[in-house]
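Listed after this line are the structures, all set down as structure tokens.
Heads up, the next two complexes both have subunit A, just with different partners, subunit B and then subunit C.
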Partner chain A sequence: MKQAIYGLVLYIFLMLPPVVTLAESVMAIHMHMQMPLFVVAGFLMAPFFQKRFPNFFAKWNSNGVPGIILFMIIVLYWLLPRTMDEALTIPAVEIFKFISLPFLAGIPLRDSWKKLGSLGKNIIYVSLSVLFGVMAWLYIASPTQLCNNYLIVEQKTLGWGFVFLALAIMIYFIQTLFIDKSEYE
Partner chain B sequence: MEAVVKNTFGSKVNEVAGVNKQDARITLTFFTVAFIAFFLGCVLGLLQGLNRAGLLELPAWLNYYQVLSGHGVLLVLVFSTTFMLGYFLAAFSHTLGGLLPKVRKMAWVGFALMVVGVVFVATTIIMGDASVMYTFYPPMAASPWFYVGLVFLVLGIWAVLFGGFINVADWRKKHKGQHLPLLAYFATGAFVLFFFGSIGVTIEVLMIIPWAFGWTETINVMLSRTLFWSFGHTLVNIWYLTAVSSWYVAVPKLIGGKLLSDSLARLVVIILVVLNITGGFHHQIIDPGITEGIKFMHVFMSLSIAFPSLMTAFAMFAVFERTGRKKGAKGLLGWIKKLPWGDVRFLAPMIAMIGFIPAGAGGIAQTNNQLNQVVHNSMWVVGHFHLTLGVTVVLSFCGIAYWLIPHLTKRVLTPKINKLGVIQTIVWSLGMLFMSGAMHWVGLLGSPRRTSYTTYGDNATALGWDPYLLFLAVGGTLLIIGAVLMVYIVFHLMFKAPKGETEFPIAEAEEDASETPKWTERWTLWIALMIAIVAMAYVIPIVDMIVNAPPGSPPFRTW
Partner chain C sequence: MINNKHNRLAMIVVLMFGAILLFVGTDGFKAFTVEKARINKLMEENPVFPEVTIEDSKERVYPFSAFEGKYVMLTFIYTACTDVCPELEMNLYEVYRSIPEKYIGEDIVFLSISFDPTRDNPATLEKYRQYFNSDGETWRMARIPNQTELDNLLNEFGVIVIPDQNGHFQHNSAFYLVDPNGILVEVMDYTEVEAAADKVTSILTTEVGE
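Let's turn to the complex of A and B:
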């Protein structure tokens, strides 16, 4: 339960107005730090909800697939340049971001991850890294501004961030194929 | 040298459990190179000190900057690396039940590559073609072979590091569910940090080589500097981590105490590994082309590295106090008297720790933007790292040598040598006190670093530095005495000391110690976290440096 409290603290911290302003002032921080941290906050808070509503998770997410699909939908949604712009200009979308990332992506991710088999996990690793690779290409190669609120140079920075993210996931994935953790622990 | 080592071991037929003679030979070979480099580096240091004080005019064939580059490379790159690798290989051998034959081979291959690298580097410096200081970043360009040598050096280091990883993985496979022994844990942390820290500099060197050969015309200076410092800062913290490992593991045993907390020590390793690489930016506080926001973020990131050091200070003094009280110390500070001050194996690391109090405080001061403006590129900085590296790291390394070398050669540290060691420690500390103190002070008065002696046309301010610079020469002279003593002790312990058994001191946990949490063994997690933090710190400024790069610089030879 300690984790859930840490998650809640992180969640509140991320929503403090100066933190929000700082995090959203740089495109790469907005997408690669603020948004993932909201997911992490939800991930940490998940045990509280799992204990509180065990039946709900058992009924709707028995094999982990619905949860992970929900997670992917939310992630995909927030990868679009337009949604980032809207989060900055329309308060309702900003609030939706604060709710969707922790509660509709972070919590289902934690609940689903243990339930997924290795095939499901591998599919997620591969599709996320491919997806991020495509996003990297989009943001680096685009000759025009994709977000009204951010400059082209920031866009390219974000693109390179995606390259490293995709690479990191790929390396982790390949590592799981070769190293059997149970041999060591 | 090699032949003598072989004979000594060959004559020893009875192998007592504990020291694997093949493993010992690796460590002793690394140490031999380390202390030869140490001696040569100190001699060059003395020349510089005397020159800076205006007492010695270097001959025309020996340039001040050449001496400076040699001093830096020999001490910061060669001495520290070879000592650290040798020490941690001995640690793996002792705590993990011997090195695997494969790993031993990798260590030798690594050693050979490093020797080749050092030969390239040293030759170009001696020829006067590489007076680019040990930081070697553009736009100053050395002979391309200098950088080729650095590539060999890095490859050699990687061979040893991966040998270490293989040994640890093998041990963990055979000891499922057990914690890695603490000293091996420190070694793993330092090796992980070394590998990831060296990636940046490797990319930099691979950028420099075609530029130095003239295949590419220009180079991005800011990018090279940034990649260099991502490594440069990590490197000093790797030596520090090495020194700290002996404080946690060996020192409590030597004073007859116990380990304060196994979990705390492991947490210190984890924090140092995760947070370190991003600290490099505080070396670039004055660099243009990095926005203030990024610099602000990096001040925060650099200061966070001070946190584990404070944990270490707490842990160490807690051990001292507990041990002193167990021995019957009374009053608030009575335990200080119960410490074995006459034992050099304790005295050297103890002075190292005490030296780290002003050294660390000075480092924290320099990390701050405004305070850094006062001392940037002044002699203060040189004073600072002669405290951190010259006192904290060197004395800890000497402290290790006093027990590790006799342990490996199956000899003993005699009371006579112990006494000589105490004298060495005191001479060295006094020398550093004079030298580093003078450097700090004269730096505050504005004297620049990396500058040969000059009075700037008898400018009053510059003349005002001279009395302090004299102290620098006095300190330097004391230090060379300390260096000669140390090298004598090291080789005496290797070849001449009487035979006997010396223990590899490993502190035990307290009886009521709480169990170390499982998560400390999750190296994948810590490495992932480190990469995430490096990405957070570096992606934005580096893309900015590449995308908005100025035209780039051709190579310069300023000497």
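Let's turn to the complex of A and C:
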């Protein structure tokens, strides 16, 4: 339960107006820090909801597939250049960001991850790194400004962030194929 | 196997939610960036150029309606800009050169409007226009001294201008074509010089005649 409280504290902290302004002033921080931290906040808060509504998760997400698909949809949505721009200019989109990332991505991810078999996990590793690779290419190679609120140079920085993210996930995935974790437990 | 049924139902609901979310979020998969959405919307709405008073590099002051009866090819710039605006103006020059000469000045006027009226006074604009071979007549550079009028125009035409701390602006760029009645008819990608020139020429040929 302690975790859920930490998650809640993190969630509230991220929504404080000065924190929001600071996090959104730099494109790479907006995409690579603020958004993932919202997912982390939801991830930490998940046990509270799992204990509160055990039946709901058992009934509707017994094999983890619906939850992980929901997670991927929300991630995909927030990767679009347009949504990032609109989060800055349209309050409703900003509020949707605050709700969707923790509750529709963070919580389902945690609930689904344990239920997924290794095949499911591998599919997620590969598709996330491919997706981030494509985003890296898009943000680095685009000759025009994709977001009206951010400069091209920031866009390229963001793209390189995606390169590292994609590589990190790929490396982690490859090591899971060779290293048997149970030997070290 | 009851669980399986629920799972499948949950999956369908999630996928439907995702499809709707992405459909709505991109105007039916037509606009993945705000800029594209803005241009699509502008072309649908066709806003009218609001009544503003402009002051050009020759210190002439006149209302925008002075261009009535002519097409006006517009860009929005500020002269202290070091990245996008020079490229925008270079490309505008290319378009200017590509359009048959008989239309220039007669049926179409080029106008670069500064959104930084405090610094871009006529003297600055006069210097700036020479960098791009603008003649100051058929291609004018001007400012809108009244901030309210300027903001109103930027708002109508969806030009986003955000000042930063270093005296620079974050802004979006495009070519705008206003018809002889002052109605915005085309918003064109400023990086596609040839496409823009072809479009403007074809509009002039059909509307004005050979």
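The rule we apply is simple: the second predicted complex is superposed on the first by the 185 of 185 C-alpha atoms of A that agree within 3 Å, B and C clash if a C-alpha of one lies under 4 Å from a C-alpha of the other, contacts with A are read in each partner's own complex, and residues count from 1 in each chain.
Just so we're on the same page, a residue touches a chain if its C-beta (ideal position, glycine included) is under 8 Å from a C-beta of that chain, and two chains touch if they have at least 3 such contacts.
Here the structure is a predicted model, which is why all the values come from computation and not from measurement.
Once the complexes are laid over each other on subunit A, subunit B and subunit C both fit without any clash.
With both structures placed on the common chain, the touch criterion links A:161 to subunit B but leaves subunit C unconnected. Contacts of A:85 after superposition: subunit C is touched, whereas subunit B is not reached.
In the superposed model, A:60 lies in contact with subunit C only, and not with subunit B.
Legend: residue contacts after superposition of the two complexes on their common chain; A:18 is shown touching neither subunit B nor subunit C. Panel annotation: after superposition on the shared chain A, the angle at the CA centre of subunit A between subunit B and subunit C (CA centres) reads 110 degrees, nearest 10. Annotation for subunit A, partner touching more residues between subunit B and subunit C: C. Think of it this way: put the two complexes on top of each other by chain A, and the tightest Cα contact between subunit B and subunit C is 12 Å. Those residues of subunit C that touch subunit A in the complex are listed here as 3-4, 6-7, 9-11, 13-15, 17-18, 21-22, 25-26, 31-38, 83-84, 160, 162, 170, 172, 191.
Interface of subunit B with subunit A (complex): residues 169, 172-173, 176-177, 293, 518, 521, 524, 528, 531-532, 535-536, 539-540, 542-544, 547-548. Remark: subunit A residues 58-63, 65-66, 69-70, 73, 76-77, 80-83, 85-86, 89, 143-152 touch subunit C in the complex.
Of all residues in subunit A, only 26, 28-29, 32-33, 153, 156-157, 160-161, 164-165, 168, 172, 175, 183-185 touch subunit B in the complex they form.
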